[in-house]
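What follows is a set of structures to go through.
One chain, chain A, appears in both complexes that follow, with chain B as partner in the first and chain C in the second.
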Partner chain A sequence: MNLELCIFTVYLVVLLMIGYLSSKRASQSVDDFLLGGRSVGPAVTAMTMQGTYMSGYMFMGGPALAYQQGWYALWYAFSDAGGSIVNISVLGKRMRRLSERLGALSPVEYLGKRYESSLVQLIASIISIVFISVYVFAQFIAAGKALTSLTGMPYVPALTVGVGVIVLYTVFGGYLAVVWTDFIQAIIMVLGVVGITAVALVHLGGLTELNHALTRIDPTYLSIWGKDLAYQGQWGVVLGAVLIYSIGYMGLPHVVVRHMSMQSPKTARTAILWSASWNQLFVFAPYLLGLCGIVLLPNLSDPEMVIPELAYTFFPGVFAAILLSAVMAAVMSTSDSLLMQAGTILSRDIYQRFIDPKADHRRMVWVSRLLILFVGVVGVAVAAFEPPSVFQLVIFGFGVLGNSFIVPYVASVYSTKANRVGAIAAMVSGAVTHILWTEWNFEAVTGLHPFIGGLVMSILGMLIGNFFGKVPSQKIQQEVEGAKKGRNISRDLDRHASRELAPEARNIELHFRSSSEVRPT
Partner chain B sequence: MFGLPMETFYWFAPWPVFWMGLALVMYVKLKREDEQEERSLPREGED
Partner chain C sequence: MKEGSIIATDWDEPAMVDWIAQKTRARSVYVQNQVYYPYLYIQYRLQQTGGLFRKKGRIACTVDLVSGKEAIADTMPVMESRWVPVENMIQEGVQREEARKRAEAYVYASLSVGLKWLGTPTLILEEEEICYRPFWVMSCEWERADPAKIVVDAVSGRYHPLFT
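Here is the complex of A and B:
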């Protein structure tokens, strides 16, 4: 077994151990399985959010874009670097409070309860499941590609091994395993990629020398408008690139759920600093490696393999092992959250809401586990069938999710008047616009990124829909107002409400179950 | 700067500074809000 494989095997074993250790806690209640008992502190909240958000795209799609377009690709990096700050600042505290007030355990259930509508919940479930699946397929493809280059195994067995480990620890460990593995993976990602970027830049003689070398190949690589100035003057495309990652975070159910699992609303402020610092360290490095690839690997056939190829060609041994572990960390930390979220939506928002409303917590935990397994198996089957480009899949899935949910989530905590018709119109118009804009290539005609088209239509959908629907009930209006102001209870209860109330809720459930067992029928 | 054309440098260089500045501003703002809420909350044992 080569050194790279040894290091990577140790890493996989550690992840599986975290899954095993978390499995005990995960079985205690649905709240523990789906939200880790709302006990996640600021550093871990920030790291899991970043680990989840920075997917295989950052090691394959992003560097490939830099390899093809030069410095233009950095527009995506600069927006990415601030996404978490915008996300936590806008939604963090309020969504943490409101989700707890409404007793929502998933981001989709949250929308259903906030907008008092099963239809909102159903539409949100369908959009989430379809496009989370698209997103997860892209991650699985990235996992297969990375493991193939790491081990030399054929694509399908490599894919099965990589995804198998992710599915195993997610199924057994639940949300807490996902959060803690993400935390470790986020650290590996930043150490791996920053280390290799530093080595690559030293190898080339520094950033200035890299840019001089790029100029000698093609001066337009240094332009903000892309290679051959392909996007010159297209500010609509540039603005879309900036917006998709800086505000797109707020529409991703598997990222938004991190607000709901925070230890307390106060966790948000420290999480902002953690995630901002991590982002500035991490985000630019994969793109810079893509630029290094232009100089060091001029004849690369698959641009998405620029980082693995750089690792093996120029930095073999420990560096390659660390970098490829970082690639897998990015893929795994996103995939596990996507799987967890898909399982949560299918179990909580479809199964319990529409099929078996009386399911107890034990059944719910097992249904969630089976559904995560199911999504994982389907994902492997699809990823094995035909591997398309990671970049295209991620941008598409990400864009549709963002356009569907940003407006309903933001309106849910800032407007007491936002109602169910507005939410449905915003979700449907945002998703449909993004899909059609991409399918019919409106970007070429209008010079506007699909994300901008979808966002504008989603905002209009919410504004117009709010005129036609019923005003939310007094109770919901009070809850939204309450979430803005915080609550009037003691400090200790404010800090530990979920943890302190959870055992009581469990006892009440056990009491009712035992009563119904002895009661004569 | 760093061998980049001026246009590229001036469009790209300020972003990390801008984001870290925004993060600090938001931290201070949320901290103040939290402290205000803390002051208005009843202490343990108070009615």
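Here is the complex of A and C:
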């Protein structure tokens, strides 16, 4: 066995052990399985969010875009850099507060309870499962390519092995396993990519020399409008590239559920700092490596292989093994989070609610696992035959999820009047618009990114739909108002509060409200 | 007044007030009320039918009889029969039969999550009782933060702020 394969194998075994040991801890309750007991702190929350989000796309899709379009690709990096800050600060605290008040365990259940509608929950569930799967397929392709590069195995067997590891890991671990392994993987990703970028830039003589070299090849690589000025003057496309992450971030169900795992709403403030620091360290490096690839690998046949090829052509084997372990780490962390989310949505929000309300918990766990297996099998088939590029799949899946959920989530915590018809209209119009815009290539005709089209239609759907539906009940309006208020609670009180007592606290409060004021004894 | 099985606590009121003041660093803490919160306590014996790692022993669960929320109980609570004011007892919202079903499903789920592919054992019901856990409602004040009301679990000393 060669050195690279040894390093990679040890790495995977350690990850699986962490997953197994953590899953043993997750035996206290089904809440632990679904949400890690809502007990992870701000540093871990922020890092795992990024670990989930910085997927195989960042190692293959992002560098490939930079390799093909030059500095234009950095629009997506700027978007990434601000994404987590916008996400946690806009949604984090309020959604945590409101989900506690509503007693919701998953983000889809949250939408159903907030909008008081089973149909909202069903539509959200279907959109989530389908497009989370699309996103997962992109990770499978990245896993196959990374393993091929690392082991020299043919693509399809490498893909099957990679997906097998991911599915096993997801089925035999709980969310808690995912959270902690994501955290460790996030650290490795930073070290791997930043290290390789530093070596590549030193090799080229620095950033200025890189730009000089790019100018000599084709000056338009330095343009903000893309190679050959392909997007010149198309501000709608550039705006879409920026928004798809910085706003689109908020729409992903698997990202939002992690907010509910934080110790208390106040941890969101600290999570922003952690998240921002981690992001700045990582987010630009893969794109810079794509630019380095233009100079160093001028005859590359598959642009998505920029990073593996750079690693093997110019760096020692140990570096390559570490980097490719980081690629697999990114792929695994993203895939298992997404698969867990899809499994949770199917078992809780569709199966138990609409198919078999009397299903016991044992059956629900099995339903969840069968879906994970199904997505794994279909994923291998999609990734093995006619695989699209990682970039195309991620942007498409991300865009549809973002367009479906951003508006209903934001409206759910910021507007007491947002109702079920508005939410359904926003989800459906956002998703359908994004799909058709992409399929019929409206971007070429309008100069607008599909994400902009979907966002505008989703907002319109919410605004118009709200005129037709019933106003939310008085109870929901009160809960939304309650979740809006940020009280100046003592830090010490908040830090030691026991989250598990939230239902009791809520019910005791309601008891006193219904009888009379709390009377001193 | 009504008689009920109240979970016994080692804490008395002054000791708990001191504990909360120390924990929250509040300038002043005073008790406003005491309430009794209903749970179904249910205990099973595990009967393993197969699986690689056989598990024996007992497992207990509590079901919150107001909202139906389940939890695995670590130890058998000590209970004492007492007369308490009816107005201080939180009204039940979940029927005993429904709570029993929830407990069973929850224990099965917890075991299957913990044991994974190794197989879930059969549960034999051993004990079942409706009991009340005492909570104090306290008011806390700080120098530089808004005053807050909290509920304090009189058994464990854990607390949670009220939402308003």
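Just so it is clear, the second predicted complex is superposed on the first by the 474 of 521 C-alpha atoms of A that agree within 3 Å, B and C clash if a C-alpha of one lies under 4 Å from a C-alpha of the other, contacts with A are read in each partner's own complex, and residues count from 1 in each chain.
As a working rule, contacts are C-beta pairs under 8 Å (C-beta built on N, C-alpha and C of every residue); 3 or more make two chains touch, one makes a residue touch a chain.
Model, not experiment: these values are computed from the prediction.
By the document's definition of touching, of the two partners only chain B reaches A:93; chain C does not.
Once the two complexes are overlaid on the shared chain, A:212 sits against chain B while remaining clear of chain C. In the superposed pair of complexes, A:298 makes contact with neither chain B nor chain C. Contacts of A:223 after superposition on the shared chain: chain B is touched, whereas chain C is not.
In the superposition on chain A, A:78 contacts chain B only, with no contact to chain C.
In the superposition on chain A, contact of A:357 is made with neither chain B nor chain C. Residues 488-492, 494 of chain A touch chain B in one complex and chain C in the other.
Listed in rising order, the residues of chain B touching chain A in the complex are 2-5, 7-8, 11-12, 15-16, 18-20, 22-24, 26-27, 30-31, 33-34, 37-38, 40-44, 46.
Residues of chain C that touch chain A in their complex: 23-26, 30-35, 37, 64, 66-67, 69-72, 87, 90-91, 104-106, 108-117, 120, 135, 137, 140, 142, 144-146, 148-151, 153, 158-164.
Considering their complex, residues 71, 74, 78, 81-82, 85, 88-89, 93, 207-212, 215, 222-224, 265-266, 268-270, 272-273, 276-277, 279-280, 284, 485-486, 488-492, 494 of chain A touch chain B.
Partner chain C is touched in their complex by these residues of chain A: 23-24, 26-30, 32-33, 101, 103, 172, 174, 360-362, 364-365, 482, 487-494, 496-509, 511-512, 515, 518-521.
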